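Listed next: structures, encoded as structure tokens.
Heads up, the next two complexes both have chain A, just with different partners, chain B and then chain C.
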Partner chain A sequence: MTTITKDPPAAAHKMPQRSNRGRRRAKLRDVRIALLFILPAMIGLVAFCLVPTIRGVYLSFTEYSILGEPKWVGVDNYTAIFKDELFWNAMAVTIQYVAINIVFQIVIALGLALLMHRVAKSAFVRGALLLPFLVANVIVALLWFWMLDYQIGIVNEIISWLGLPRVAFFGSEQWAIPTIAFVNVWRHMGYTALLIFAGLQAIPHHVYEVASLDGASPTRTFWSITMPLLRPVLALVLVVTVIGSFQVFDTVAVTTGGGPVNATRVIQMYIYQKAFGESDFGYASALSVILFVILALVAFIQMKFLKGNESDLD
Partner chain B sequence: MTTQTLTTRKALDWRRVGAWALIALALIVTIFPFLWMLRTALSSNHSLASNSGNLLPADFSWGAFKRVFGMQTTEEAIAEGGSGAVIDFWLYLRNSILFSTVTTAAQVFFSALAAYAFARLRWPGRDKVFSVFLATMMIPGIFTALPNFLMIKNLGLLNTFAGLTLPFLFMSAFAIFFLRQFFLSMSREVEEAAMLDGAKSLRIFFQIVLPNAAAPMATLALLTFIGQWNEYFWPLLVGNDESIRVLTVGLSVFKSQSPQGAPDWSGLMAATIVAAVPILILFLAFGKKVVNSIGFSGIK
Partner chain C sequence: MKKTLGAVAAAAAIAISLSACSGGSTSTEAKGEINYWLWDANQLPAYQHCAADFTKANPDIKVKITQRGWGDYWTTLTNGFVAGNAPDVFADHLSKYPEFASKKQLLALDDAVAKDHVDLSIYNKGLADLWVGQDGKRYGLPKDWDTVGLFYNKAMTDAAGITAEQMAKLDWNPKDGGSYEKTIAHLTVDKNGKRGDEAGFDKNNVAVYGLGLESSGSGQGQTQWSFLTATTGWTHTDKNPWGTKFNYDDPKFQDTIAWWAGLADKGYMPKLETTVGASMQDNFGAGKAAINSQGDWTTGQYTGYKGIQTGIAPTPTGPDGKRASMFNGLADSIWAGTKNPAGATKWVEYLASSACQDVVASKGVVFPAIKSSTAKAAAAFKAKGVDVTAFTQQVEDETTFLFPIADKAAKVDGIMNPAMDAVVSGKAPASSLTQANEKVNALFK
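After this line comes the complex of A and B, so read on.
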């Protein structure tokens, strides 16, 4: 290794694929340039990510209203959270949202992806299905807030035209969370479908040919070939979607604001209200530490169970 | 044999019809709400209630758009069903353009520098530092948002453009990851030839690497711009002041101004169109890039 690097130009010419090693001479210059190149990103990482992370953990052990200095209180915030009914309610509401969102989103997206893969690879279809994802959460939320309006929203007009009773989508405790989950399914289904579609495209053709030669039925092919080979993509989609949905905020903030009563006070909404409504930054920080731990656990378990970073194709 | 293939083909055709029907349904479900948005924005707000099921605008009027851009007097606005409160989406539009452009340009550029250092330059600890960057993708936004808010507040930067943009300027782990993948896949030959000619790394980067990376950087810039344009949480925390309010925050303020009972739906939908149209234009122009980048990028 070191011998090659002694005469860099010749080595670089003879074995271009190993030319990396031929650049020892420029190593020092490389290090200087590298430091220069990495500096802005480093500033960003340290100032807006690492330091805030440490500070967030520290604040979670303090009592801190935005005035004055943080006061160390040990694990008081955490014990208080443990007994906080609103926290448990927020967790229940969030998990309910995540569950509805994930099930519908993945099933619909998988269906759409299979349809696109089989019959419609057109760029138009893909582009159109992606539209809702490009528009801000806030816009999507307001649009559906209007379409699902109890009095004059088009959806309720259709429902009553069908002779069914109108539904208070955002206004009733029982409907609010499913409605918000549905709005997000609508926004994300095309995008998730495209992710899965890309995964389907990556499955080599010959696998299917062998299956059809063996006389496997479409159902059998789907369960024994498509699904297992799609697993890494599905695992990734699942992790990203679950982590994203645990942090639902925008849609709730512009439609229900957490109500009716506590029906849609999801965990991030609760953190926001604690910090900016009640100026209780210590408590809010402890809540976000808990959210962080939950998300890390979820990601770890999912990757472990689904072996998302291994492929069966090798 | 022949009959068998014939019947399977026929069955297949029926399946194709069914498949296309389902795709058509998905397209309708996706696109209809946008048409409804437009229809509502072009309606007169007072007529919406009595004419709620018609596909065409109810009592066609540009009033909603005028209202959103502050081109109506208070009396006119109230007469048409607006709240009468002053709103100026020109200002929000300008702020959104400024915020998204500046953060996108800086973030993509600085991330490209870092990505190149991770992909091509050799320096001690490189891979460890890279894995730290990658790990930050796991940190939920709210977790850093609270301390970042406190820092921006302590620096006296609340409701300033600096406070609004600072956390986004320097990097995004995703952007670094995305560009590093590209730099790794790029052929080294051109760089090496230049190096043999005695060109310095800096010159190689700016004159050879960057131009070669124009396509992935454009894709990344597009994705970043869309994300920044749609950003709501951070501007809500630090940029609620009228002077630097962006469209997403402006929309939620506009919604909360609507008088209870009879919200200004037309105005609200006109405002959402104003906020959505720039992204839709970008998508029409460069949509293929976005569509094709999904799957390659995987995340985000």
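After this line comes the complex of A and C, so read on.
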């Protein structure tokens, strides 16, 4: 932080608004035209986001089995969730997954991004890093499910060939969540690295020149220039990956299905089971609303704390 | 020009999809297309044969059959109910139909049965009554039935010096497991070739397990443990069908589960964690287990593994000196929202008639519900070189008990599956099932 001088406050850039009648009329016309252009997107937003969200919030106050009509029950679902051990278990499991996933994903992606920036300049290598992300989630999950199979998986064959005991990657309670987190780190690290890589390219070269003139070591340059200037991108990556990993579902659904016992019953899996397994759509909606609130809070705190909406480059 | 073409194409597409939606408008006449779903791919050819025969006899009705795997079948079906595009007729299961019936998704068949004089006495005992709901209405006509038996690898029993007669006369009790456990132990072989009942057996390095493990069996244990618990006099619920109190707190049940889970500790059965993603049948086919308890519908798979001679033994006799097997009966149900109730009824009646069930019997994959067709199926199995007496014997000797039918089956499963997993994987004692039982019973209060 210390080597960078901050620009004067952003307010200086803003033009003072003058209220002049002619301009206002012109502005009104602009608004109409703008609305016309926004309309198609608005229809999509209202039909596919807003209405389902509001309906979901409404359903969370009802008892609804999808067949038949919803019955208003007030906050019963929420009080039941508060006392639901499986909900708290799902939250704990999800947070465990998010923690493992985020730490590994960001650290590995940052390393890859630096390699892409400094060493691997060929488009082929850079493209190859993205390959896992181009494969569908379910395929990736099934692929690893087979490779990590206890009896016939290639990984366990190698482990047993090395003379070590086989590991029930998806079957044991200790291994299941780390394994699922690992599978998703593997899939997403290339994509996250690409985002960070874009951030690295946005850092002007001259600051590095100045640093090297001042005789700063590579480590010092990394911590004092790269990291602070990368902060907005890292904040964005963090918000996106945290929200994304809170919503982990497909990998769990096609591999463990929430087991063994309750070890991988992440919140989205629990919502799915309540809704589509037990036809308890009201309860599942309430769980979804809680997840929504948690994610909104997490995103808000992260943006606030990391000042993700302002850059040190200004 | 391009624009108009696009618009015309879009309009045409909409028109086509609209007409597809309204294709079968409600009619009282039996004609049009009937959509029929089932989940077992092994039975698909038999029912395609039935459908062709049916259309030959009723040229106005075409039957379109769709097969979906068990996992997707029920969610797709429920979504179909909601979206209004569920199949007219579908293969139904005892654990699912109570909920469908209580949500008014099934067409009651009483009128049709009375009007068309469907003879319900031709089916094996009890099968037709399983499909009478809590409201006294009939929601399905019997299709086929199943019982449980022991599939075993003949080469392994021969090598261990166990004869087919011995396999057919196993006895079991929850204390020491009887000759059933002794046989399982003897058939277990570790990496050094030591058997499970020999000194120096290494239970952590087992090459062949005496007994295979599919899953913990959740709250029903149809093929996993119900054939054992029933011999102790234990029942799943206070009454069947429509029980409202479950008995998972009964020591008779818990002792049996503790004994069974103990097999994994002794190294005679794989650990539960190794079964995730694995197929018990394929492990049997790969020579990793000597005995598998499974339902008769898997006979084709077990006898189809190359290079493996499979024998089928009946389940062991219990403390009461008798065998037991869950008796599950499937049926075909009609969706209440069908646009063609007359045609659907005709098809269901045909499926439940000996004309179709004899065809199914001739393929030798499952046992049809009609008594005379059952005999034909046994003969068809025999012609393939498979002796299925282990399954039919239970019906003849009346040692079967009915599948526990209860409301809220999905919620019971949601509680019992993790609870049973915890016990079978050794993470919790069998006594922890008492707590699960309280939760289950609270659902019915």
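As a convention for this text, the second predicted complex is superposed on the first by the 274 of 314 C-alpha atoms of A that agree within 3 Å, B and C clash if a C-alpha of one lies under 4 Å from a C-alpha of the other, contacts with A are read in each partner's own complex, and residues count from 1 in each chain.
Quick note on the criterion: contacts are C-beta pairs under 8 Å (C-beta built on N, C-alpha and C of every residue); 3 or more make two chains touch, one makes a residue touch a chain.
The structure presented is a predicted model; accordingly, all values stated were derived computationally and were not measured.
Based on the superposed arrangement, let me know which partner A:Val138 touches: chain B (first), chain C (second), both, or neither?
After superposition on chain A, A:Val138 lies in contact with chain B alone.
So in the superposed three-chain picture, is A:Ile66 touching just chain B, just chain C, both, or none of them (first/second/both/neither)?
So A:Ile66 meets both chain B and chain C here.
Give one of first, second, both or neither to describe whether A:Val261 is in contact with chain B, with chain C, with both, or with none.
second
By the touch definition at the top of the document, which applies to A:Gln151: first (chain B), second (chain C), both, or neither?
Once the two structures are laid over each other on A, A:Gln151 reaches both partners.
For A:Arg55, select first, second, both or neither according to whether it touches chain B, chain C, the two together, or no partner.
A:Arg55 contacts chain B only, not chain C.
In the superposed arrangement, does A:Gly171 touch chain B (first), chain C (second), both or neither?
After superposing on A, A:Gly171 lies in contact with chain C but is clear of chain B.
Figure out whether A:Ser279 sits in contact with chain B (first) or chain C (second), or with both, or with neither.
second
Residues of chain A touched by chain B versus by chain C: which partner has the larger set?
B
Touch test for A:Lys121: chain B only (first), chain C only (second), both, or neither?
A:Lys121: touches no partner chain.
Does any part of chain A touch chain B in one structure and chain C in the other, and if so which residues?
Overlap of chain B and chain C footprints on chain A: residues 66, 145-146, 149, 151, 276.
Once bound in the complex, which stretches of chain A touch chain C?
65-68, 145-146, 149-151, 165, 168, 170-173, 255-256, 258-262, 265, 273, 276-280
Across the complex, what residues on chain B touch chain A?
Within the complex, chain B touches chain A at residues 16, 19-20, 22-23, 26-27, 29-31, 33-34, 36-37, 40, 48-49, 52-53, 110-111, 113-114, 116-118, 121-124, 126, 129, 132-133, 136, 138-144, 146-151, 153, 166-167, 169-171, 176, 188-189, 192, 195-196, 200-202, 205, 226, 229-230, 232-233, 236-237, 247-248, 251-252, 255, 265, 268-269, 272, 275-276, 279-280, 283, 287-288, 290-291, 294-296, 298-299.
Given the complex with chain B, which residues does chain A contribute to the contact?
9, 12, 16, 19-20, 23, 26-27, 29-31, 33-38, 40-45, 47-53, 55-56, 59, 66, 111-112, 115-116, 118-120, 123, 125-132, 134-139, 142-147, 149, 151-154, 157-158, 161, 186, 189-191, 194-195, 197-199, 201, 236, 240, 243, 246-247, 249-250, 253-254, 268, 271-272, 275-276, 281, 284-285, 288-289, 291-292, 295-296, 299
Can you tell me which positions in chain C touch chain A when the two form their complex?
Those in contact with chain A are residues 75, 78, 81-82, 99, 103-105, 204, 271-278, 283, 286, 288, 410-411, 413-414, 417-418, 421-422, 425, 427.
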